[in-house]
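One chain, chain A, appears in both complexes that follow, with chain B as partner in the first and chain C in the second.
Moving on to the complex of A and B:
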């Protein structure tokens, strides 16, 4: 008993305690709801059975029903487009900006800080502002495009099925770019300067230096940022609620918005949970990538 | 530091000791009421007044947000924490009454000298009815009608005293009034993919003999075709598909649309913002002499079946009903009753408009009532949007909706 006590106060027991505490916290706050959600996706749930756990199990019925709905496939496709286009846009622009500020001209760090303002803004506020920018008749974006001669008639970003998803993607790229930029800036500043000096002495040009030093040295940062990007874009809900509400006719609907719509607008909680389970699979995948790419950061 | 902490503790102890002393005496019955009314709206004010009467019933109020009403109520009811009285949006009423979550008030209403069913407009009354019994009392009501800009009518050679009566006249007027060079659309309304879209479309279907249970009837298809004409010919902004009623009527107020379909909740803002002469007309009908119809909005009172004090809860509702004549004067809401005259406001435009809305209310029909209304509504929204974006023809879209609704109706 005494040995156990002393191990708790000073020894491996203490270490285990330190690990158990957050684990218990994680299990209660994230694990249980997750399991509950998965269980719910196999049950028949309605509003009045929400409070109890003992609900009839229906096997895979929710999944089969979901995939037999005509809107499921387009919505999954929309999600794929939304996620990949958003991540690509956020990453490329963010990387470009990070490299730009890395040059370290006067005021660079100050300007870089200002870029973070977009990340601090609540999604609903960003959504409301983009809602005005993208408005068909009086939108600023249409005005700019028209004045520069890029378009002749107004584009109805929010209401034209060909553009509605892209309207949200544009807003989301704007929202997420600065976060990408900051993380990539941190990664860039972690690359030892002597590598570049050596390469320069050996006669490597800027492009070669970027390709053979910057990119390989940034691999883990890039992996982490893309995994985080996947998680963040799959979470993106506010912009859909504020700009298109998933319309018109589901052309800008994505799984995360749909899950909410099913659960809290149509009160079909089981289907909402089913969609969430499908999303969990994708997020798990992203988490594995994230953990793998940041694993080497644990030192000593 | 130490002292102030002790002082705080002491204050806490005192407060917790003295709290019961200040609250109501033991024999008082406490009734809890949930609604979405803010401090300038009816519920909290009526409750304050009621509590001052010292009837031996003490009412506690809790405000809930519009989006949370149903989910909060569900959660509370399924865990046994439901309030005694709640205000729910009328299309959600059947969800609760069909499952026995609301108390059947039929007997109490028949004995009541205050609540008389014959005093109510038929639409609101139908929304609290399930299986021939009353599961609630209409709290307030609203409907939609056609706003039109009289100055623009004059400018385009239309008679401002003769607003469009039929669908064809509406489309013709919209064609005349639309002026892309001046950024003016003929008409603005909402076909948004939420309850607002259903709210606006259903009256059109009903006027032509359709309805939620006959959504692919010829009349409903014709109605959707008219909507499609309005969008395709750019007589209404393509953003109609993603804009709610409040925003779309905003474009009417700013002079960018010559007509608007919306409800009386627009009146105050319109009087402030609209710098032109305007009027309100009944919703145009398919052809002269056709049946009229309109949408019906706003909330109903209901008593949860789990209440321990049904008699006292009903007394509270009777008090609310007895104050219905204050609804408009004090809170700007229309009582759901045909026996209460709306007093003149001294604002001629508003008074004229209210007269039309009261007339329109006679034809207002509830959405449903059906316990799975949100699913029915979703099918209708999808059909509207599929047709208006040109992905399906009106007939195909409504056939699809009818199929989905049939599955819900069983």
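Moving on to the complex of A and C:
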């Protein structure tokens, strides 16, 4: 007992205690619900069995049922489009801005800080504002497009099945760009300046320097950002709730919104859990990419 | 005669700060030039201006006869070895070496062959597949040099390349760089704050302070005839002794002021009687004799021995340091006599610090010299 106490006060026991505390927290608050969710996806769950753990197992029935539903494929496709378009937009615009502010003109850091405003805004508020911007009859976006001659008639962004998903994507790109920009700025500033000078003396022009120095040196940052972007876009919910509610006719519905809709509006908890399990697989993949990219820090 | 590198009235301002003041420098092809001076003297700025990494504010800069003022670094055809080495961390040694060739569009096989050739001469052949982070400091240094050599540039620029190495390796690399220079007959400009590096490696030494070239010339000329007190104190180790003095009535000797101790010392040349001067004596030019037998006597303060040499510091104000080879019998508290050859004295104006006397330095910053390779270098 005494040895145990002394190891806690000045030995490895204290370190183990420090690790155990967050691990216990993570297990109770994240691990158990995750496992519970996976178990639920193999069970038959209805309003009456919701209160008990012992529910009849039905094997893969929930999965088979889910994929036989006609809306499943379009929604999965929507999710893929939403995730890839959002990440591409956020990353490209964020990288462009990061490179722009990297030039360090007067007021650059001040202006860069201002971009973080989008990051502190709640998704529902962002959604409400984009509702106005995207509004069909009197929206600013339509006004601009009309005045510049890009379109002749108004686009009903939120109610036109061809555009509804893109309305959310545009808002989501706006929301996530600043996060990308900040992380990429940090990555850029981590590249030693003398590498560029050496490359310049070695005869590389600005474009070659970008391809041969900047991009490879940013590999781990870019990997981390794409992985985080995948996780963040897969959990984007507020914008759907605020802008389209997944409509019209599921044309802007995505898995994360659908899972919520199935579980908490239609009370089909088993299906909701099943969709969540599919998403877990993708997020796990993203997490592995993230961990791997942050582990391989390149610096000689 | 065209020079490989020519600077005429080069000035550089950072805002109001005048970093380089009227720099004139002409370097013949194949010369090894060292820019030396304390930190902040402008030597690195001058080197970076040569590379094109800094833009000069006024004056003219020519490399191989071509005006370079507005030419971007990548078109100047000069190679630089950075203090930090600046190796590309995401590339192997081979990729680091061939980078400049690949950028120029040289075929892969050809670039590889060139890299192998250079690597053999610099002893890197067995490290070609390694990444910079897997190399030791000395190996990284070699990669940085090889990366410069592979290009056959018009000039090599070295920015304190040895300062990140330990003392023993530094001495070794010093010789290697010089040997490499002799083999390639390339024009090299080498920045260092270490006067020993400058003295041992260079054909031509440029001493800078506060953005001004204080003196330039062959290393031993700078040692023998420093143009002013700053150069005299900077070149040579241990540093030259400076003693305030007044020229005697006859003009043939000087009265040295050591505080309580006064001494009379014969001068090699006649000077104006009563002139306030600073007398400079190198520690290695003083020999210790018995009290009363030398030019003057002095009390001993500290005696330090390295085994091969003994450093005797006087208990006077200002201190006088004497270096004796071997192990002296002198102890702290002794009174010793000092013998000094008047020809080895340096006399400087007490106010301006400029050298006084007939022996003018052969080279000044105002008139660019024609430089020649040291004997045996070709």
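The rule is simple: the second predicted complex is superposed on the first by the 290 of 300 C-alpha atoms of A that agree within 3 Å, B and C clash if a C-alpha of one lies under 4 Å from a C-alpha of the other, contacts with A are read in each partner's own complex, and residues count from 1 in each chain.
As a working rule, a contact is a pair of C-beta atoms (placed from the backbone, for glycine too) under 8 Å apart; a residue touches a chain by one contact, two chains touch by 3 or more.
What you see is a predicted model, and the numbers here were worked out from it, not measured in a lab.
Participant: Quick check on the superposition: with chain A as the shared anchor, is it clash or fit for chain B versus chain C?
Facilitator: Overlaying the two structures gives chain B and chain C room side by side.
Participant: Is A:280 touching anything from chain B or chain C once the two structures are fitted on A? First, second, both or neither.
Facilitator: neither
Participant: Considering only touches as defined above, state whether A:219 meets chain B (first), chain C (second), both or neither.
Facilitator: In the superposition, A:219 touches chain C alone.
Participant: In the overlay of the two complexes, what angle sits at the CA centre of chain A between those of chain B and chain C, given in steps of 10 degrees?
Facilitator: 150
Participant: Touching A:208, do we find chain B (first), chain C (second), both, or neither?
Facilitator: The second partner, chain C, only.
Participant: Which partner chains sit in contact with A:52 here, chain B, chain C, both or neither? Use first/second/both/neither.
Facilitator: In the superposition, A:52 touches chain B alone.
Participant: In the superposed arrangement, does A:200 touch chain B (first), chain C (second), both or neither?
Facilitator: Touch partner of A:200: chain C, not chain B.
Participant: In the superposed model, which partner reaches more residues of chain A, chain B or chain C?
Facilitator: Between chain B and chain C, the winner on chain A residue contacts is B.
Participant: After lining up the shared chain so the two structures overlap, which partner does A:192 touch, if you call chain B first and chain C second: first, second, both or neither?
Facilitator: Only chain C is touched by A:192; chain B is not.
Participant: If you stack the two complexes on chain A, which partner ends up touching A:76: first (chain B), second (chain C), both, or neither?
Facilitator: neither
Participant: Chain B to chain C: minimum CA distance in the overlay, Å?
Facilitator: 51 Å.
Participant: Show which residues of chain A lie in contact with chain C when the two form their complex.
Facilitator: My answer: residues 192, 194-195, 197-205, 208, 212-213, 216-217, 219, 298-300.
Participant: Quick one: in the complex, what on chain C touches chain A?
Facilitator: It is residues 51-53, 72-76, 78-80, 82, 84, 86-90, 99-100, 103-104, 131-133, 140, 147, 151 of chain C that touch chain A.
Participant: If we count contacts the way the header does, which residues on chain A are in touch with chain B in the complex?
Facilitator: Chain A reaches chain B through residues 47-52, 71, 135-138, 156, 158-161, 164, 243-251, 264-268.
Participant: Residue numbers of chain B touching chain A in their complex, please.
Facilitator: Per the stated touch rule, the residues are 67, 70-71, 74-75, 77-79, 95, 99, 101, 183, 192-194, 237-242, 251, 256, 374-375, 378, 382, 385-386, 388-389, 391.
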